[in-house]
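Structures incoming, each one as structure tokens.
Across the two complexes that follow, subunit A remains constant while its partner is subunit B and subsequently subunit C.
Here is the complex of A and B:
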């Protein structure tokens, strides 16, 4: 039995249905990332589990017991809020010590544990500051320290890195898995950043229209998205999507028109003949070269964007179809900028096919 | 450089003019309180006179010397009544109004807005409208001419004020701060006591001070519902309109004395008013 269970929970605010029969199971010690566009109900889900809100329908179970009607303070759940929600009239030390004070721990132990967690998150030098004297990064860590300090059984982080600058975000993305392991917490992590989701989650739940569209491992989500919407959410640069209509040629090979070029679709597409569909190709599965190659689409090189480890190129085929391709940074010199002619080759074995009408992956 | 200097000078002059305009009546009253009635009524009025403390002596000793003889007044008792009535009324209103304001700010309940508005509407109704029935009831149930009765009626003045001002302050506090405190393991009551009330303190201080001033200045309730035993300074000052004329000097001195408690309270409350606590609490 899962440690944390949300059983077909629904919640509406007035006329607006935010969650609709949402279910989720999280194992003990697991980190599940809740990912979705803003306003999809991520924060509402956390609040239902925390007990700050009650679901209209459905239940929340923690450790085999329903916690419906149990007050937030009695659920053993900790939460770091997106807006930090620090106590402005208490210094950072008292903010972090608050959960320990609620448990009436002796002063010595409070001091020791606050300093321990503050050291881990590198805010031990600002413990005597009031929240208004802290930088955003320090506020965020204070809030995180407060949620971690008493070793909660369920830890919920509501987009904790949203309001901090890029450098801290990067650091924390590396640091958080270590912290989670140290505290053996069951973690529910909300984010809008797909990289954070891929970096932190044992599993990722893609929340859309009030329910989970897909819950899967990061690789599963990226490689086998359930539908076109999930596929477009993950990946930056985004996945290329081309509407196509595969046809079986006289030679028995399935072809389709892409970028004004008739291309053989590879072995996986036999059953797609005659069906309207969307071809999804990740930019890293598009090879781009200045030499003509068999199966290549003649394209113009429109733009080059260095992307740290990979370089992203924007290509345009003869019929104005735009294709994004990315390649390892090593080749950046070979891809000097400027409008030039080249050939793009799609790796159809790694491509995704979606139904044109429903968007479901075929 | 000289431009800045010029601007500063002009601003200084303008500010002085404003201060003079607003404080001149106070200043004039202060001067009057050290003059005899004869000096005050002199035409043209003059800034030069022989100061006397006879007005204050008369108030404190409780005997006013008029042209037709000595008149007993009990102004010190009035002053004490004012302080007691206002303080008790505000204390009771804070006790009732702050939790009520919190409830109105945080919880949506049936008829909540209606109740809040009804309380506010007490301030719309002219007091004279309710005074006659109140007077009759009070005499029936023995509340006429008691401190308790007046403190109760003063709730009409102080409670709506405190309720509505403090409610706004509670609404400005992010509920997440309280949610966070409860998730830390603290009870609902503790989050009210340790988080909401300290954060709304500037509002509570402002509302309390304002309510105190309104209670202090109220006149008609005490005039109708109490005798001289419980009457505050506002009603007590009527005694200075004597058969032998209006005692302007004594009235001025009484006014100066009656300002002092409110002034002291305002100065004391000031530090809570400027407490900009919620700054930096949450990121918007």
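Here is the complex of A and C:
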């Protein structure tokens, strides 16, 4: 049995239905990321689990027991928000120790627990600092330490990295999984940032319109999205989507017109012939070259827009189809200005096919 | 379209009851005809004041701004022949989207049919064709921003000024629209200056970027310059995502040989490596305290060959697979490095990993002043 279970929970506010029979199971020690656009019901879900809100229908179970009617503080759930607030008059040590003091733990154990988590989060050298003496990154770590120190049954983090600067965000994204592992924390982590979801989740629940569209591992979500909507939410630049109608040629090979070229669709396309489809190709699976290549689509290089450590190019085929391609940083291409002819080649082994009407992956 | 020159420009704000603030300090920039310039920095760095002085919405306290050869200090905003897209969109609520876009064209006596053609063209580029008949209040923030951009870009002007032009663009459109706008600016040889807090946006669009902090122009260079030759710690830390790894270090000497002792955040020694015995390495003299920097994607996983690479071994404490690439968190001693690796790299937690730090990718900054003292690429120059 899963450690945390949400069983067909529904919740409405007035006429607005926010959660629609939502179910979720989280194993002990697992980090599940709840990912979705704003207004999809993420925060409401956390509040139901915390006990701040009651569901209209459905139940929440923790460790094999229903917690319906159990007060928030008795559920053993810790919740941290976007703005981790620290007590300004207490030093970092006392801030972290405050949940332990509230539980009247012996002084030795308080010290030991605070030092252990402070070491793990690299703030052991600033424990005697007041919040105003801490950098933003240290404040972030201090408040995280406080929410973890008493070993909550379920730790819920509501978009904690949203308002921090890039450096802290990257560091914390890399450090949090280790912290969760060390503390065997069962974590629900809410974010609108797909990279955070891929980085932190053992599994990701894609929440849309009050229901989970798909719950799967990061690789599962990215490589095998259930439908076109999920595929479009992961990846920046986003996945290219081309309407196609594959046909079986006289040679038995399934082809389609893409960017004005007739291309063989690869081995997975046998059952697609005659069906209206959307072909999904992630930008990193489009290779651009100035030299012709077999299976290449002749394109015009419209613009080069470097993106972080990658180079993104916008390509335009003869029939005006636009194709985004991305590859590791390339300074020669990055300084290119003006149009050039080239060829785009799609890696059909990694391509996705969706039903044009339903959007479901085929 | 014309060149744009800022010659020792300063802006002093004096408000009753408040101490005077020098928001822009002696900024000089020479922008070529047809160049795309990004003004970046954190909030309050002076970038928006600079843009508003060019536009004519703020007086110029000191210095001269010229469009072409013509000083514009004394000209009213409307006389400068600049087009501007505002961060707050500033659309006319009672006019349809199409009339908002056509407004300045018609005011300048462009024939209606010609104006309609231009509106249609820019609407297609910015994906607003389907909302041309709507009124601004019924639009989403992202749509309003695209209309505001269309209204500025459709005009004929000497200089185009864009304030946070893409901050509200819908994520699924951003990559495509960025590229289309860049192509449009280049094809039409439009001299443009845009302000953004997002260095990613600036790197994507600009020919050259002006990095500002506390009213001072820190560096003005191409995206490649800023990444490979940052002039100080501020620029090094501000430009690039994930950000540059920066570690404290001190040079020590053993006889003639110098070593760089790299420390963790708490000042404990994490690892060390030799300083090449070359004239170019002179700034790394014995006892000097520096920050050593390397960008996450310049670190080589499992380096082979001999090359000018320093090898260090660390422990993988975290690994993120992001679909198109992977990020690793690696501890060497107690020092922490972020590494960007290929999507195929599998590095299990707690495994040992050997990393190559190529000399050409290292940057050294004085630990007191923050100024760059040496870029590793200079060490390898013959």
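Simple rule for what comes next: the second predicted complex is superposed on the first by the 296 of 362 C-alpha atoms of A that agree within 3 Å, B and C clash if a C-alpha of one lies under 4 Å from a C-alpha of the other, contacts with A are read in each partner's own complex, and residues count from 1 in each chain.
Here is the rule we go by: a contact is a pair of C-beta atoms (placed from the backbone, for glycine too) under 8 Å apart; a residue touches a chain by one contact, two chains touch by 3 or more.
As the structure is a prediction and not an experimental result, all values here were calculated from the model.
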Quick one: classify A:302 as touching subunit B (first), subunit C (second), both or neither.
second
Where does A:25 make contact in the superposed view: on subunit B (first), on subunit C (second), on both, or on neither?
neither
Which of the two partners, first being subunit B and second being subunit C, lies in contact with A:234: first, second, both, or neither?
second
Per the contact definition in the header, classify A:102: touching subunit B only (first), subunit C only (second), both, or neither.
first
As a test of reading the superposition: which chain, subunit B or subunit C, is in touch with more residues of subunit A?
C
Just checking: does A:177 make contact with subunit B only, subunit C only, both, or neither of them? Give me first, second, both or neither.
second
When the two structures are overlaid on chain A, which partner does A:347 contact: first (subunit B), second (subunit C), both, or neither?
neither
One more residue to check, A:88. First (subunit B), second (subunit C), both or neither?
first
So in the superposed three-chain picture, is A:284 touching just subunit B, just subunit C, both, or none of them (first/second/both/neither)?
second
Kindly list the residues of subunit A that each of subunit B and subunit C touches, one partner per complex.
none
Hey, which residues of subunit B end up touching subunit A in the complex?
174, 176-177, 179-188, 195, 198-199, 277-284
Can you list the residues on subunit A that touch subunit C in the complex?
122, 125, 166-167, 170-171, 173-175, 177-178, 181, 195, 198-199, 218-219, 222, 232, 234-238, 282-284, 302-310, 312-314, 322, 324, 326, 328-329, 331, 334-335, 337-339
Help me check something: in the complex, which residues belonging to subunit C touch subunit A?
171-172, 174-176, 178-180, 182-183, 186, 200, 203-205, 207, 222-224, 237, 240-243, 265-266, 295-297, 317-318, 320-325, 327-329, 334, 336, 338, 340, 342-343, 349
Touch list for subunit A against partner subunit B, complex
47, 50, 52, 71-73, 77-79, 81, 83-89, 98-99, 101-103, 130-134, 136, 139, 143, 146-147, 150, 163
